[in-house]
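Both of the next two complexes hold chain A, though its partner changes from chain B to chain C.
Right after this comes the complex of A and B.
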């Protein structure tokens, strides 16, 4: 095929593929929510796509709202804030962030972390444990640990190159301590440092639980 | 007099709004606080059509469960009561002790109940039940000692009353349970041995249990059933429909959040996981999240570990958001998952489906 032919084929694919994807999204939304909500969400999804942000989390957020009985304004507001936070998260952490890490980073912003807090993680953009670290950050902030302490502890764990499982261990250990009356902030400090010293959660949970 | 008191107590229980009743008998109630153990109330009204007429029954139990968990002995003590009306009224009340141990594949259990009664039936009874459960099958051996009993036989003997002073018998039963979508099917067959035994000496019956709401369920059954005269049950061919109401019960986590079930993911093969929800005493467990496009999906009860509910998902590794609910109650973030704001004023749980090399480390 001549060079011009390839270009035409690629252009045709781009033109046809875009509306097809949009139609697929509309199809998933239709029947689950009112037509005006579908229209608004589709428009927001298109705006996310135009900014090279993932569209699937946008569709999922709308479906979540519909399943929870949210109205038009609530769904649009939730989707809008998600797109905003995903945009901020990508600026803070870099363009190469996987989709699920981007969604977690957006959730961290919604939980109370700031874009500046997320910037601290930029050096670990390609670290395999980054999504779990962001999950750990969300957990600690949600548990009432001050954001600067939460960021500091999760960064220390990432710097120590701990595996993803270490962050779920941290959560379990802090919960265990909280049931015995320990303050989450103190528990998080002690447990995170113990995990770092041990190089991971392997065999540690049982030992320090006693 | 005793019957009036019993009916009065039941009427008070039934008249209480659900939330109020749960407050009285569930976690945090005065009774609960006094005993330091979870309380439960169970009621089972039913109507059965038999050869000799219609039987109306209401059976119930208020009890306390002590100890819980796989591999541990669970003990329960309960106050049992009931009333039945077939050809004549019969009321009973008494105490029941249960001991059970649930292992990975095998369950052991024993129950002993002592009842006193008035009306048309045994004046007193002691019934011991020994159970061995393997997967979804249960073998049950039930010796019973009944004292001073007029018995009717469901009409097959023309309603002739027999009045032996004692009826000592031994029942042997096998039952099998199977989940069918939301409902649970139970098939039961058995035989009775003993010189004083009355009613059918062999029986086979089926029942379908359908949960319809938090703590509520419907039961429909048919077949041939034995006399259980100590509980006002007349033997013979029958067709029955009834309801169940259960409030309170074992705690899944005594300290943290007793009603929150636990969830974990196990990888089966790359891109395929089984989600396991631990929900003791549940009749229905459902899940929704971005794994299911936020459609509500009912989980299947495990045939091996009866407090586990599972669903298989085909998704790539990653982090997903889910919530679960038990017995059509409130949607909750399961234990073991990180709660995150959902931007709708609630929370969802973060579930990590690990890549193959990390399997086993899922939340």
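Right after this comes the complex of A and C.
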């Protein structure tokens, strides 16, 4: 097939696939929540789609609310916040951010990080470890490590070009230290620096971390 | 043996001949089966007593472990590739535990966990690579976050965890 033919085929698929996916998403909502909630969420999902933001996290947030027994206002408010956070995250980190990294960045905002904090990560927009770093940031903030310390440590690790596995190691090690009574903030500092010195998790954790 | 319907016999002969399978596809299937087998390397490594340093007094100790799995070429509808994830939580007193999350539409009936003798509940689930939000539901009423996972706040008044699942090529 000529190149133009392929392009037409891809465009046709995008045009035909969009509404079909949207209908499927609405169907999934319909069996789980009241019609007025479905209507509101569908409208919000359409607004996310119009801004080229991912829609599936929006649907999942609504389903999460339904599963947790939330009402219309609570679900709409949570979905609205998620769309706002995804928009802010994209502005902070750049338009080329992969979808899963965008969702993680939105979760970091939800956890208390600021858009300015996320801007610090923009230089690493295409770093393969960025999604894991954002996962690490969410973990640390959620564990009570102050946001500025969490941002600083994850950025130091990214600047050191550590592999993605280093961030999951950090999480495991901080958990291990916390079980022994260590404060997460101190553990995070010590462990992050050791990972940076070692250039990654390999040969550092030994048997104690497994 | 009784005589078979000629159409069935023809079908059986065709089946006996086998379907040609590319070696790389066969290897991928074998890898996938190995990765998803609860008695396989991932689960057995995690279910070793030494794998979970759980104090006897602790109510919960949970871990989510992820293993990379080559999902083959990307599918046309842009669904992210699936990666098997092992969800584990230690709840000796629980009668039933379910897993809900982005990967099962938060359906409390979709993913029950299996209990081991010492109260370790676990399930191996293929999840889309990327970020995954999830919770455990204990005895149908109590929502629990994963103590070993990253807390993702408590939207709707109930705790949730979030994890990053590295897909093929996403983790160096």
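As a convention for this text, the second predicted complex is superposed on the first by the 185 of 210 C-alpha atoms of A that agree within 3 Å, B and C clash if a C-alpha of one lies under 4 Å from a C-alpha of the other, contacts with A are read in each partner's own complex, and residues count from 1 in each chain.
One rule holds for everything that comes next: contacts are C-beta pairs under 8 Å (C-beta built on N, C-alpha and C of every residue); 3 or more make two chains touch, one makes a residue touch a chain.
Source: prediction; values computed, not measured.
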### Task
After lining both complexes up on chain A, report clash or fit for chain B versus chain C.
clash
### Message
Quick one: is A:122 in contact with chain B, with chain C, with both, or with neither? Answer first, second, both or neither.
### Response
neither
### Message
Is A:65 touching anything from chain B or chain C once the two structures are fitted on A? First, second, both or neither.
### Response
both
### Message
Output check: A:175 vs chain B and chain C. Expected answer is one of first, second, both, neither. What do you get?
### Response
both
## Note on the structure
On chain A, the footprints of chain B and chain C overlap at residues 28, 57, 60-61, 63-68, 70, 74, 78, 98-100, 103-104, 107, 110-111, 131-132, 135, 138-139, 142, 163-165, 168, 171-172, 175, 179
### Residues of chain A touching chain B in the complex
28, 57, 60-61, 63-68, 70, 74, 77-78, 81-82, 98-101, 103-104, 107, 110-111, 131-132, 135-136, 138-139, 142, 163-165, 168, 171-172, 175, 179
### Task
Would you pull the chain B residues touching chain A in the complex into a rising list?
255-256, 288, 290, 293-296, 318-319, 321, 336, 338-344, 346, 348, 350, 352, 354, 358, 361, 363
### Query
Okay, in this complex, where on chain A does chain C touch?
13, 17, 21, 28, 32, 56-57, 60-61, 63-70, 74-75, 78, 98-100, 103-104, 107, 110-111, 128-129, 131-132, 134-135, 138-139, 142-143, 163-165, 167-168, 171-172, 175-176, 179, 210
### Query
What residues of chain C sit close enough to touch chain A in their complex?
45, 50-51, 53, 55, 76-77, 80, 100, 102, 105-108, 129-131, 133, 143, 148-153, 155-158, 160, 162-164, 166, 170-172
